[in-house]
Every structure is written in C-alpha cells, then in structure tokens.
C-alpha cells in the first residue's frame, strides 16, 4: 500500500509547479494548462484523502471539478482564439483588451 | 515639300522622296525586297506595288517619286492581289528548305508569305537547280537556289564598297548571283551583304548553323572595335546553351544610325566579339604571380589591393587606364586617382602596328573611347609621368606599384624586352582586364573585368559622340564592370562616392566633367549625343 | 433530392446492396473459375499486364526513333523544329555542316531526355523530313539515373519501327547505367 | 509493487509537469500535460478510483486536451515568447514565490497530515467496487443530484457562451 | 502601182552602195532637211503620222519631242537594229539592201533632235547586214555625209555600229541602252524615260531601222503625202514579213490599210498544197493569235488592236491546219523563258514555269488545272514588270489557250 | 508461487491471444482491403507477390508490404519536430492496439479450479476503457500533423481532432443506451445479457444489442467508422485533397499509421460485435450446450462450448470487418462540414434521443 501522504506530497509538488507556470509563462495557453495542472493536483489530493477516509464522495467532488474544468477550458479557449483573431498575437499582456 | 496622301493619311515629305519612303515615315510598311534606303533603286522584285492616283495599274512604290497631291493606296484589293501574285512568283523556284535555312525566322520571304501569300501552291514542276553552299569569301556563303535576285548584294558591292565583286549571271529563271571570275567577296564590309539579303541566299559562315535565330535575345550596343563607335545589336543565345559550342554571344548586327554607321558595320567589328567567350577570359580574381597564382574571392582581394595602394607613396604608384574602358569606368578611376593624390596616370599606349583606316567606317584608332579618356582627363597630372615614363621609372624602381587596365604592354609599339624588364621590376603589378595577356602573366593581382556586352555603359567616339551600350549577357565567372571594381577598391580606401549603377556614375560624370554637362542615360537614348565639336575643338 | 433520399441511410443501404451484390457475384465467378475450372466465368475485366497485353492503338506514341537514310546516316537535317516545338525542352540538337550541299546540315548531336519528355508527339508533327517518329512500340524503358534517361543519337538511330502486331521489333535500349557490370 | 508503480508514475508526473512549464513549445507542453494527466489517472487507479481514472482519460485527455492541442494548432503560436519581456522581473519573482509556497505546503503537511495521520488506524477499506461506477453513480445521482444538475446547467452556460464568442466573428 | 518607199530599190543590183543610192535620189531629203530648223523637222514628222515600226507603234515625232528643251550636253540617237522578234526579218533586208537610206534617215533625225553621236545597235546574229552596214557607214564618212560639218551645214554626226550578243531583250529600248552602255542587257526603270535620261545618262532617242528609213522619204515628198498613204492614225507604208505556211514567204511593203486576208492570199500566194488556214500571228510572236475567221482586219496599229491583237513588228506567221497549237505555244513559251532577262520577278519566274506547264501538256502529262493556272499566272503577271517583254509573252499565252482550248484539253489525260 | 506464475501465464496467454488476433486481423485487412475492393469493382486485385511461385491470391502482399516499408528510406522533413514525428505513429498504433484489451472474446474458461475470463483485461467499466483508448489515438494523428511542419499535415491533424471529438460524443452517447439496457458498463456483463432471450412471443430471438438498440447500433457504427478515420469519414487524410497528417511519413512509420487504421477497424468491429451482435454468444448455446426454443437440447462439453464461442466471436468480428470494408469501398466521402454537421446535428441529438427513449421504456418496463 502507498501511504496517502505520498499522494498529498505529490499533489503539492504538482500544484506548486502549476503556480510557477502560471506566474512565469506569458502564453495564455500555457498558463491555462498550468491551471489545469493545479486543478488536477487538487483532484489528486482530494481522491487521496477520500481513499484515506474511505469515502467515495471525494471522487464525486473530483468529477465535478473535471466538469467545471471542461467548461472553463471551452470558454477560455474561445476567448483566447477570439483575442488572437483580433490581435494576431498571443500573449497574456494582450488580455488587457478585456478591460472595458 | 510636296504633300501627298497615303491610305488616307496626309504627309509632307522632301522633294525626290520615293513613295515607299514616304509611306515608311507614316509607319505604313510597303512590302519590298530589292529596295534598300542605302542603295540605288532597282525595281526588280516588283513587290512594292501600290495604287497611285487613278492609274489603272499598280505601280512600284520604290521608283515612284512623290509629287504634290499624289494619292497613294497601299491596301486596296488590287494591290493585295498583285502582291499575292508577285509572292507566288518569288516562291516558284525558291526551295522549300526553310527548316534548314539559317535565315528562317528573320526571312522576309517567310514574313511576307505569311502576310500576303497564296498558301495554295500551284507549282508542281521541278524547280530550277542552282549551286548551293558556295563560299563567296571568308565570311559569306551563297545558296543560289534561295536567291530571289533582288540584287541588293550586287548593288552594295558596287555602290558602298565600290569593289564590285558580285554580279548576276545567266538569264531568265536561271539567273544567279555570282562572283566575277577570279574575284572573292573579301572586302572589309562583306558581312553586310548577309544583313541586307532578305532571304537565306547569303549566310554568314561564322553564324551558320550555330543557333536558330528565334532563340536569340537582342541588346543594343556599340561596337568596341574602333573609335567609329558603330551602333550594333548584340544577339546572344541564352536559351539553348548547348548550341554554338556554348558561346553566349552569337553574332553582332549593325544598328541603323544615320550619322555614324548608317546600316553598315565592318567585318572586323562584326567578328570582333570572339574574345567575350574566349578561353583567355579572366574569370576570377587571382593573387600571386605565374604558377603561384591562386583564385580568391572579391571580399578577399579588395582589401589586399587597397592595402597595396596604401602601402606605397603616391609618387610610387602608376595607373595605366585604357581607352577600351567606358566613360563610367574612366570617371570613377579618375575619382579614385584624385582621392589618392596620384600623379602618374595615363591611358595612351601606342599599338605595335598602326591600324588600318578607310573612308567608309574603319578608323585607325582601334579604341572605342579614346575621346572619352581625353575628355575625362586621365592624362598625367602636374608633374606626373606618362605611360612610357612610368615604365621607365618602374625600371629604375622609382615606381613600385603599377595598375594596368586591359593593355597588353608587351605587344605595344615599345621594345618588348624593356617593357618586360620594367614590369618584372615592379613590387606590385595589378592587372585588370577582361582577357588575359602578357601583362596578366606578370601581374601579382589580377582583377577580372566584365566584357562590354556583360554590362552597360557609354563610349565617346572619335567625333565626340557619347553613345550608350546595354547589357546583353551576364558577366563570366566573378567578372565585374571596371567601375564596380574600382568602386569597391575605392570604398576600401575611403572614397566617399559610391555609385550603385553605371547610371549613377554617368550622372556624377555629367555633373563633374564640363563636356558631359547636362547629359543622362535618358538624354542619350538610342542615338547618343555629340559632346565635342571636333572641328572647333570644343564642346558642341 | 427527394424526401426519402434526404435520409441518407436508405440510399446508403441501397448502395451497399449494389456493391455487395457485385462482391458476391464476382466471388462466385472467381470461385467457378479457380475452383471449378470454369472457362466462361470471369470475375474481373483486368488484364494481367506483362503476360496479357491490350492491343496498342496504331496511333500510340512510344519511344522515339530517328529515321535513317539508305546509307544509315540520320535523315534528320538538324533544323531544330522539334527542339523548338518541344514543350518539355527535352530535345538537344547540335547542327553541323553536311558534306552534301543539298542536305546542308546534319545533327552532330541529337539527344532526347526521356526523363523530361511528355510524349506529346509534337516533334513528330513538326519534323519536315519525317526524320523522327514515335512508332517503336517501346514503352517500358527505364533507368536508375536521370542521366540514363537521355537517349543519344546512336541509340535512337538503331531502333526499328514496331511490327504489324504493334509489338516492338527492337530490343528495349538499355542505358549505359543499367548495363550489368561484368 | 504498488509503491514501485507509484514512484515511477510520480516521477513521470513531476517531470512532465516541469516540462509543461519549462518547454517553450506549447504543443510539447500540451502533450506533457497529457502525460501528466495519464499519470494522475494511473494514480487514481492505484487509489482504486477506476471510474475517475477512466473519466480522467476520457474527459481530460480525450476531450479537454484535444481541444487545447486543436487550439494551439489553429493559432500556431511560435515566437510569442522570444521577444523582450516587459514584465520579466515580476515573472522571475515567481520562482522564489513557488519555493516559498512549496515550503509552506510541506510544513503544513508535515505538521498536520504526517503527524496526525500516522496514528490513525487504517480506515475501513472502501467496499469492493467502491471506486466502481455503481458507487460513484449512486452518490452522483442521489446524494449529489442537485450539484450534478447544476453542473449540467454550468456546461450549458459554457456552451452558449462559447457559441456566442465564436459566432460573432462569422457575422 | 503601189508605193514602195523602202523596198523600191531592193531589186537593183548593188542597191546597198552609195552609188546606187545616190542614183535613185538618195540624200536628197538630207539637203532639204538642213534647210529647215530642227524643230520644223520634228513638226514635219509629227504631221506625217509616222509611228514606230519596231513593235510599240509610238508616234515618232512625239517621241522626239520628249527631249528636254534647251538641254545642255550630249544627246544620242540610237537605231534599234536588234531585230529579234520571231517572224520578223524586215530590218535585215533594209540593212542588207538599202543601208544608206538608214544613214540618211539617221542624219536627218539626229539633226532634228540635236544628237551628234548616233549608235546603230545591230543584232549579233546579223553578220552580213552588219558588214554591209559598216561598209555603207565608211562610204558615207568618205563622202562627207558623216563626220564634221556635213555638207557644209555645220552639223556634225558620228555613227557607231554596235553589235549585240544575241539577247532578244536588247531589242527593248532600255535594255538596248543598258547593253550599249556595256552592262547586262537589262531594261531600265521608267521613269526616267530614255528621251530624258537614256544612254550614259543623256537624253536618247531609240528608233527602229524601218522607222528611220522612212524619214528621208517624208523629207523628200512631204508629210501630207506620207500621211495620205496610210490611215487616219498611221501614215506611210509598212514592211510585212510573211512566213510560215504560205506559197511565197517574204517581205512585202504595203500600205497599212491592207487587210490580213489580202496579204496572205493575194500577196503571199495563199497556203501551199491547198491546206486550210488555221491561225495567223499578225505582228511577231508577241502578238495574240488570230483564228482563220478573224483575218479580215486592216494591218495598221489600231485595226489590229481592235481585233484583240497588235501590229507589233508586222511579222506575219501563218499556220495551216497541220499545226498543233499547244506545241506552238510550247515553242513560244520556250522562247520567252529563254529570253527573259531575269530582272523582274514575275517575268523571270513565270515564263519558265509556263514553259514547263506547256511542255508537260504537250507531253501528255498535263493536269486539268494547268490551263487555268497558265491563264491566271499570265494575267496576274501582266503589267507588273519593268519592260513590255512579259506583256508580249502574255499575248500568245492567253490567246493560244483561249482560242484553241479544246486542242489543249484534248491533250490532257482525263483523271 | 507457482499459482502466481500460472496466473501470469494465463494473463500472458490472454493478452497474447488478443494481440495476435488484432495484429493478424489488421495485417489481413490490408489484403482484404485490396481484394475485396477488387472483387467489388470487377478487378482482380493484388496478386503478384509470390514465394516460390506460390501466390495464394495475393496473400503474401501484406508480407511484401512489410518488407518494403521496413527497407524504405525513413524520411524526416528538414523542419520537422524530430521527437514528436517519431512518437506520433507509435502513439497511434499503441492506443489502437491497447483498446481491444477490454473486449471479451469468450465466456469464462474453467481450467481446473480457475475461472479465466476470456478477455485480456477485466474491467468493470470496460466500455469506458475502450472508449478512452480510442480517444487517445487521436493524439498520434495530431502530433503527426504538427510535427511534419507541413500545412497539409497540420490541416489533417486539425481535422482529425475535430472529427474525433464529434465522433466520440456520439459513440459515448450511443453506448449509454446499451449500458442502460444491460445495466452494466462491463463488457462481459453486457454480452452475457445479450445471451438472454427476448420477452414474450419474441423469446426465440436472443436479446442482442442490435435488436434492443437498433438506433444505437446505426449511430454507433456510423460514429465508429468516423473514429477509424476511414472513408466516408477520411477528412484527416483526404487523399484527393490534402493527403493528410501522414503526408511526410514514409517507410514503417507510415506503415504504423496504416496499421493503426486497420487495427481501429478491428476494434470497432470488436466493439460492435460485443455491444450489438451478442459478442461471443452463439444463439441458443448455453454454458452446457444448445437448448433450442422448441425444446431440443444438445449438451456439449465445456471446452467445446468455449471454442464455439470464441469462433463465433472471431466470425462475427470478421463479418463486421467485411461490412466496414464494404462501406469504405461503397460510399463517397463526406466533406469536412458535412461530417461535422452529421456528427453534431445528426448523430449526437439522435443518440441523446435514444438514451431518453431507452430510459423511458426501461422505466415503463420496470414500473409494473
């Protein structure tokens, strides 16, 4: 058996990498993917805790997270593509266009 | 100045003008074979028939002089029918060998046949056979079967050169062009009979079978063979490089200039282009003398030469320009010479044998641009040495670096041994030229110049006429126009003036040298401009 | 489109039915032919190419040949009509003076780069001397190199026209780079 | 056995996550993220959450990331990160920040999970097939029915939003 | 008694000598002429309706009038004795039998136009006439009729006899001039006409031997008398050379108003052996042929012109019914093909071509389109050349075929 | 210890059978593709490759192809992404191969005391597994499209992504109906469920998926063909227009893409068989032998029954393959927009409708 703490540790590492990715990168697509990575890490921790306490609810929660992620990605990508169409460039700095 | 109407268009021409010439001035082409504006009127081909006034029969336009109020019609049904009939007669005994005929493609028989022919040949009988492939002289071959007996060649030899080698022999349909017994078509203008022959009867032995004419490209140019500066067209073969043994320039043809050469060119000039594709061409810059010579790139040799020119005192450097160079080259060279403060500059080197000269075109001075060199001022500066003096000084090792353009000094009028000694004594001998010669073999650095057909530029002929020549082919190897080479070296030596094109050079020349003032390539057009009045010895 | 056809499925099924019917019918014919040795059943219209040949049209344009004079020299007069008309620029002729002034010139070199040739037949049409023909019936020529696809005058002169059955009478010329090394 | 699998998978997961952040090429990043997601799916399997593992693959890898890759292919971003970066100092600040964050989490975990968790007796293992679809399904459609339906509304909203964004250009 | 101006002395022995000529009144016209100013002589000749008898039939006086008035420098008179037209041999008789009448005519003519040098261009084949003429000229020089100050009139005239080399085209006036100048006998472009710029660049009058021989008679007996001998448009008599299938071929001097039928049946004695007449060529080979039924025409320039042919050199060639017209055409075509000078393209090329076609037809290898081709070629070429040679050739080409087409067609094998 | 070894051996055997079956079918399909199309089109088809003069109706052509592909130049475009370029065909092929693992090819085989399910991997969400693996295959295609540095390839990759998403939605939704009817996501269970007879007077008909879920069958088959990227859904290739994602591939790398196509065909055929055609079921064959609806029985040994079942499965898969091939060589291709419209406006709503109707029917069925 693998101790659940290992999973939480791994989750922490992945989450941190995700955070750094969001901060460091300029490409909105990559930033987006880093966010996915963070969500994923959170899911992992969730499932690990669920396993630890023998509750399947965690999985349901994780499933909801996935669903939300899917919705978020769809909208996010649509925005990025739209901005790219407008600006012909791809950088988070361009996102300032979204201010009104 | 009689007024006349041709095809409904009014025109006024000088007294004594033929109808055919009057029509030509209006841009109306009356088909003809025997008529040539430079020759007397023969009226033999009978093709130039036009309707004149109320005359019931068409008249030949070449022999009819215009009179006041004349009404000429060149395209009436009657005229067209007559032309068609005459074309049929012309072709009755003309062999159907256009495919093997060198004239095909520039043959007036073909052209007019396509315009005015009957297209339904009715002649089924054996044609008259006459001699074929008869050499008339060193440059011309006759195919009597193809001859339409327009007699232009006969008249040319009678009237232009006055040599009268050719005649028409036999009678009726057995008539043929031929040499008078014991004669040979070897006058210095014999090639012109090929040009004026409207069909393939007279062909050029030099050009025969080399390239089909429809593969040729044409560029306007000036003959570099002597100081007459005959206007020519350079015909180059770029599309079928496997033809003509890889020669790019296929032939030269004269180009009409009313005041310089009219329709003609001498044989020396006509066949004088061979050096362009000659194995002796300098293709790449080299450094090192004799066996040590090694090819190098321009980027490598230019700083080396600049270094050499910097190394010596101005008094130790001599420059020997060439009247073979274009005005642009000479001007840029003068700029560089002035920039470096050199005094020993000259361009005059006497040839070993004086050139021949006649009253028609040929001039004794075999350089195309001596007048240009004089006007631009490439003679010795104050206290500077002339060419001979430079070589003497070289022998005495007072001049250590000599830059020779084109000249083959060893083949000049001066004693060869003395010159060789002088050249061998130099510490640095630069040779710049299109073809190798004795000087090249002794040179420490060799710079390949583009031949005149490989670049554009201007020459100033003996009477002071500046005439433009255009580029016909790409330079061979790494060769560049002389001015370009001088410009690159000048750039390395800090010369500020940097032209991009020959036209830039000429602009600067026009702005600097008074004789050329106000000139530009646009201004020169095809016919050039007189800048020096020879009689008055001053600007025209 | 009719209403029924808008439901693609029905049409699809009909189509599948047709092809399936073909499949089974042909399968039966093949079986009859191969298993029951029936001569008549033929499940395919295929010609088994190298063994079976479709007869060539008499107008077939095949490998070029140069027609010879009686003395064996080329009939070609090096007029360059074919070289000029060739849309693929695959003919290379160099002319030279013929000793007989009636003939004027002959091809010192006459190469056809079959790697470029498009077999349009314009050269044959253009030839005023009927000196080039595309009637050898040879179609299967090949080479391992581009150079090998250039057929020289001598090779082209040696070729014979196809026989009355349309089959080549000359062996297929083997380019130099395909000659087996000894 | 499972431990070995865990470590191998964990290392791959961390490596691919790092690669995602460090690789310039977004396509590579996306593919590494797919690898990472696959690893996490394997970890779910180890945690006997079979349904979630498959859902992870189907939804994340099969749909979301395909969408990502598709978007990248459409946009073909190439040089956007090679030019001068006006915010470079700020971005470099992320590294120490990340380190601090990692440290913080590590400390928290150390204090809470590792300390407290250790003595806790192993919980009653999930009933057989707990990670299975039945369990999850029952939870989803009974206990969490409302959130489940809300999710579908959320998805619908996202769908409409995306269509609105995409459609505008066509007009 | 019919007037025989030119041939009147032919029957006298030694008629070619100065002695006989003077005895019959020769050189009398000359004295009369010298008494008149030159312009008056030209007027007289104009009034006489004398027309050129070499072939073209151009009024002689008018031709003389073309000499530019007040011209400085030499003017030449050239006598065309290059009698090459097939079927014509009248000048030969004149040269052989009465050369002095030519010389007298020349002196008067030269005086009239102001020429001091006159050339006689004698056909190369005429060796005997040439000898006799030379002798006559020497006699005239000796008698002071030629040379300096003729008969004390102060008029100088030198005569040069030039022998041709046997080219038919040198009978054409400009061709003759070219030949005289030492060049190839090629006709020259007109304009300028010889009367303005002729031999050696000088104004030149070229006249036929017979024409010039008439001049002394006009001088002697007056223009009115001379004009009265002929028709309204042509004065005097004419020498008709009759050859072919007649009983008495020869030269007959008759008024131009004589009809062809009279000439053949009365003077020449009709056809021998009772054969039927098939065709007549009335004016040398260049004239269009006439069928047997067309011979009731007067033999003057205009009469024959109206009959669709021409008086030409008045050489009448009679053909009986044994003659094959296609063969005759072939022979004529060969003559023209052989004699074409080769200068103008239509003539040079088509005479040879037409001969080849005619020959093929005669050999039975004709094609049915050949006849129309010949007609078309002849018509298209007519009038496009420098000289009248081709127009002369076109006459027989067209008339032979048009008038005897069925004979030609009979020779052409049916396809 | 020995038990573990035996287990391992059995597991290996299961996997090996599946691998051999799939790979051989895939290889054979290259031959079938040529021959079947030829027979359909009145041709002969490939028949030249021979061994010692033996031609066997061109059966050696797949072998010859393999040799050819292995010996051909392995070309790498100058600006290609080297690693992705190499990885892409592998991903494609492996995903396709692995997908088959969850498809059972027979019932439980009893060897001594052991019960061996005839299935490479036993998963209680087997359908989802196959589904997941199929969807991963598209990465290979997209990677290839991207890595080739070729616009046509990129276009092919993009089309593949779009097509895959639209196809997968339909596949997933149509499977749901089946899962609802048989109440499981486990393939084995679903197949067993199909062994039961229908109700009432229709009891002589086995309750195969094609009977209970006819609409789902059509939808699944259509979407499945789309998932194989073959005609009529060959937009990623579009050999008449863009050549597609593998335009830059040569040699065995190209061969792997081709193989992946055929393996996917086998997988779809296997899934169709398992979900709609009763899997390994033989009508009226129970675990102990045949028992016909009219009462007759023919008891059979366990091994015979299992063998019959496996053979039945193989036969059904082969027939499906034949059918898919028939479709591929009959129908014209869809244009990109047509395929998208079909997927999103045709298949997807219909499958949702199918789920709804199935649910209602099931509710109505079970309510009383």
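Which chain is which? They are A, B, C, D, E and F, in the order written, and residues in each are numbered from 1.
Note that in this section contacts are C-beta pairs under 8 Å (C-beta built on N, C-alpha and C of every residue); 3 or more make two chains touch, one makes a residue touch a chain.
Note that the structure is predicted; figures quoted are calculated from it, not measured.
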Shared interface partners, meaning chains that touch subunit C and subunit D: F
Length of the shortest touching-chain route, subunit A through to subunit D: 1
Dominant chain pairing [most C-beta pairs in contact]: A-D
Most centrally placed chain, judged by C-alpha centres: C
Chain whose average C-alpha position is farthest from subunit C's own: E
Centre-to-centre distance between subunit E and subunit C (centres being mean Cα positions), rounded to whole Å: 74
Rounded Å distance between subunit A and subunit B, as computed from the means of their C-alpha atoms: 81
Subunit A and subunit C: spacing of chain centres that average the CA atoms, whole Å: 65
Whole-Å gap separating subunit C and subunit F, where each centre is the average of the chain's CA atoms: 45
Of all residues in subunit D, the ones touching two or more other chains: 51, 55, 63, 67, 74
Where subunit C touches two or more other chains, by residue: none
Sites on subunit B at which at least two other chains make contact: none
Touch-based graph of the chains, sorted into line, ring, star, complete or other: line
In contact (per the touch rule at the top): chain pairs: A-D, B-C, B-E, C-F, D-F
Complex contacts: residues of subunit C adjacent to subunit B: 77-81, 83-84, 92, 94-97, 101-105, 109, 128-129
In the complex with subunit C, residue positions of subunit F that touch it: 36, 38-44, 218, 326-327, 329-331
Subunit D-touching residues of subunit A, taken from the complex the two chains share: 1-2, 4-10, 12-21, 23-27, 29-30, 32-34, 36-37, 40, 43-44, 47-48, 50-54, 56-57, 59-60, 62-64, 66-75, 77-82, 84-85, 89-91, 93
Of subunit B, residues touching subunit E in the complex: 41-47, 49, 57-58, 63, 81-82, 85-86, 88-90, 92-93, 122-126, 128, 148-149, 167-168, 170-175
Residues of subunit E touching subunit B in the complex: 167, 184, 189, 191, 337-346, 348-353, 356-357, 360, 367, 369, 373, 377, 380-381, 383-386
